[in-house]
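Given below, in the form of structure tokens, are the structures.
Next come two complexes, and both contain chain A; in the first it sits with chain B, in the second with chain C.
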Partner chain A sequence: MEHHQSKSFPISHVIGFVVSLVLTFGAAGIALKTNLSFKVIMWIIGSLAVIQAGMQLFMFMHLREGEDGKTNLVNMIYAVFMVIVIVVGSIWVLTSGHAAH
Partner chain B sequence: MGIKWDEFFITGDPLILGSQIAILLTMIGAVAAITYLKKWKYLWTEWLTTVDHKKIGIMYIISAVLMFFRGGMDGLLMKAQTARPEMEFLNSQHYNEIFTTHGVIMILFMAMPFLIGLMNVVIPLQIGARDVAFPQLNALSFWLFFSGAMLFNISFVIGGSPDAGWTSYFPLAGKEFSPGIGNNFYAVALQIAGIGTLMTGINFIVTILKMRTKGMTLMKMPMFTWTTFVTSILIVAAFPIFTVALALMTFDRLYGTHFFTVSGGGMDMLWANLFWLWGHPEVYIVALPAFGIFSEVIATFSRKSLFGYKSMVFSILGIALLSMVVWVHHFYTMGSGPAVNSFFSITTMAIAIPTGVKMFNWLFTMRKGRIKITSAMLWALAFVPCFVIGGVTGVMLAMGAADYQYHNTLFLVAHFHYVLIPGVVFAVFAGLYYWWPKMFGFMLNEKIGKWHFWLFVIGFNVTFMPMFFLGLNGAVRRAYTYSAESGFAPLFMLSAIGSIILAAGFAVFCYNIYWSIRYADRNISSDPWDARTLEWSTASPVQFYNFAKLPEVKSLDPFWHMKKKNEGLTLFDSEIEEIHMPSNSWLPIYMGVIFGIAGFLLVFEWHIAAAVAAIGIFAGLIIRSFDYNEGFHVKKDEIHRIENAWRKTEGEVHDHVS
Partner chain C sequence: MSAKVDTSLPLEYQTEQDRMNILGFWVFLGAEIVLFATLFGVYGVLYERYAGGPTHKDIFVIKDVMIQTVLLLTSSFTMGIAIFEMRRHNLKGLITWLVITLALGAGFLFMEINEFIHYAHEGATMQTSAFLSSLFVLLGTHGAHVTLGIGWATMVIIQLLKRGLTPTTARKTFIIGLYWHFLDVVWIFIFTFVYLKGLVA
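Now for the complex of A and B:
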């Protein structure tokens, strides 16, 4: 409460917000309004998701502001671990055994 | 909007009619009592708008005790229905609703808030801080939890309860097979409460990382602080998964999407997958703080430092890490194939290792200790054998191949009650008996407490032990009745008798609270247990700013060493400085109310009205964004007066050192 934040306009947040919207609607548009094959659509919207996640890290998550590099590193490794567990784990579980058929 | 008013109130069941009348009378009674006693202003300024972590914690605990009653009634109704074969006390639909609400309420609205309540009261005190990092966010967490809990609870009198089990598996939970609005309550109420929990997780991570007092390094933190810290990390990791899953469920049910509906090309198994990706860490989210409570209680009443502090910390971290990679053991029978099932069998069994380390640490803490058998310690002692039964049956269930035999039987139900009741309920009782004097300045009666303990523990074992054998004999869970030829009747009857003893234990607990409020001795020390951690170094009940002078920590069990060496216990006038504290705010309760209204309208699929109410949510966010209230300063005179009031009393802290 002692340290006042700078009152300048949060331009990077606004850009991040707009770009997020563009990427999200882009993904929806590609999925719903194009005739590409299922596989191509999955790859495109998957890539857009990764781009958006990376962009939000810089625009919203104060990645560049941390004074402590080690903490950031631990956080990033943890986040990558979680993403692998949730995304890769789910794909593995839902596409093997009986689930594949 | 197509409102069906005839479906608004549930009618035609005498049990529910009775509840409706009871709820109405209770509400009228409460309003009348508060008005008669002229307590509205007190209630508003001291409780409803408070940002004080101790009061928020107490409100969490009160809510949790109420929810314990509600969930317990559900449990008793189930036990009454299955006491005899072919009973016609509840029909199958009613039984489905009751086991669904029992599960949801006990996990999310009893276990979670009880632990979060104790965390709120204790953690800032244990780390020598004056509040949590974001006091107003903390109040918002509470009111969102409360709002979600109330929304979920009214479902059985208004609109109809969810009935697809606490796991709400698709396709059953979808619109196709559950067309009523009951499951909307599940999707919306848990979403609101979940947002509150997520904020709590963030709040406690920041509090513990940033607000520890001077000298308290990470490896000098009390064990309850450690477990709370790791639990908060798990909350932040796991709850967003549930948020997403519930949002997808809401879209499926309300707006016709097909994420989980097979007929529309969705994948019903994705729900089970996402649910348990959250649900398994959730088990450890409630178990870890409970382990922390036992660590504090066992160390205090064995009058020794916790054995193997470092191995405790690493085993907590190990459990947290493993808890993220075991979720498939909840649905081996879904048939993900031998590779998947083998992988998750091994990770699941591996969890027994760090848990075993903790068990031995607690036993070695007691070894050669001068053990004091208080009520709190009794709960910790009973926890050890009961939890081991739960853990060992867990390793049995962990075996993918064998699980095909146990899956969906009462063996499983007995297993997780043997984990969650000793692991969480015993812990919150231990914590409540232990920290009650810190919260209120008087103790719970020890003699009544022992009655509570014995009835509850005996009742618990008599209720759930027979269910292991019923399950092995083939009794399935969630079945509302069984035939006389099955031969299940005697054990079901025994289990029902056990549940009455269990309920008697809970009744004695409530009586203990009543008795202690009326008759307990108010003239007690601020450190009645001769305890070891910083929360005991300040007044009981704790003054609103916690510490006049922030303590300095040099070792583990800091307060114990302060007492031994007689340092840092006294306060000189020159040391008193003005204290900066946050102001109360009406916004958190406003947000709770408006979220509740919007959620209620959404449950009934009155979309336009819900959208209008949602404007109120955004209004609250905007008001908060422009709120520049910087809190207030407590004047030196006031601190002086408050400190003198408790420090000059007879039988104070210093006289208790051995």
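Now for the complex of A and C:
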């Protein structure tokens, strides 16, 4: 466990908040104000979203804290795996092959 | 289920029961992530099936989306500060930041309801097209979670006022905190893969 009681200023929260705002407006700027191709834009803003979500998990939700920290981490990695299977799998199956004809 | 209390830990982790409740809530969040994944999957498949109805660019208002995003992002931050104050055993600070969080959450909800009304006026309803059906189900499920979170957090605040900070009320507060951050995590992906994606294409 970290040294919670002694700190008087929530510095990691403030950093997390500022970085989240930068990532949010950065993604909006890249998506709306640049002339990059759709594919490039989606890869960039998708990556920014994943980084921001990770920051929420580690800096705000204290994912790895406590004696079950490792269990939480494995649980979230599995959840991410399921998201990829469900989202990418659905889109792939339903927009390629026979579905595309 | 022992009553052993480890006072070296933050209040919410002091008993075995409370630690198990927090672990269980993380498992629940894993299931919630899969629930939202199915809705994102449906939307990802259907997002260009306009059926002659309005498209993203016809209905999305980027300024309102940015306001919604900042409201929810800030509320996630203030929830973090609330938990920070809880760990300093500052009950007054905790409740103050919780109330600020809920005010921001209510602001978000107000914006989202107005957004839906605006869409309906544009002729974009759930029945219009597959794009709009999947959009409203995804946004609506998230909005319903925010609504539930506001009611839930209000009840936790009432308990804090009545019982003060105990291992039990601290654990309940920590868990609603996790839930609230999770709602912001889902919103990050809605913002990116629904709104920004729709306005790029």
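We adopt the following convention: the second predicted complex is superposed on the first by the 71 of 101 C-alpha atoms of A that agree within 3 Å, B and C clash if a C-alpha of one lies under 4 Å from a C-alpha of the other, contacts with A are read in each partner's own complex, and residues count from 1 in each chain.
The rule is simple: a residue touches a chain if its C-beta (ideal position, glycine included) is under 8 Å from a C-beta of that chain, and two chains touch if they have at least 3 such contacts.
Owing to the predicted nature of the structure, the values given are computational and were not obtained by experimental measurement.
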| item | value |
| --- | --- |
| Chain B versus chain C as contact partner of A:27, first or second or both or neither | second |
| Contacts of A:52 with chain B and chain C, given as first, second, both or neither | second |
| Partner chain in contact with A:38 - chain B first, chain C second, else both or neither | second |
| Greater chain A contact set [chain C / chain B] | C |
| Partner chain in contact with A:61 - chain B first, chain C second, else both or neither | second |
| Which superposed partner A:97 touches (first chain B, second chain C, both, neither) | first |
| Residues on chain A lying within both footprints (that of chain B and that of chain C) | 1, 82, 86, 89-90, 94 |
| List of chain A residues in touch with chain C within their complex | 1, 4-5, 7-8, 10, 13, 16-17, 20-21, 24, 27-28, 31-32, 38, 41-42, 45-46, 48-49, 52-53, 56-57, 59-61, 66-68, 71-72, 75-76, 78-80, 82-83, 86-87, 89-91, 94-95 |
| Chain A-facing residues of chain C, complex | 8-10, 13, 19, 22-23, 26-27, 29-30, 33-34, 37-38, 40-42, 44-45, 62, 66, 69-70, 73-74, 76-77, 79-81, 84, 87-89, 177-178, 181-182, 184-185, 188-189, 191-193, 196-197, 199-201 |
| Touching residues on chain A, where the partner in the complex is chain B | 1, 82, 85-86, 89-90, 92-94, 96-100 |
| Contacting residues of chain B [partner chain A, same complex] | 237, 241, 267, 269-270, 273-274, 277, 324-325, 327-328, 334-341, 580, 630-631 |
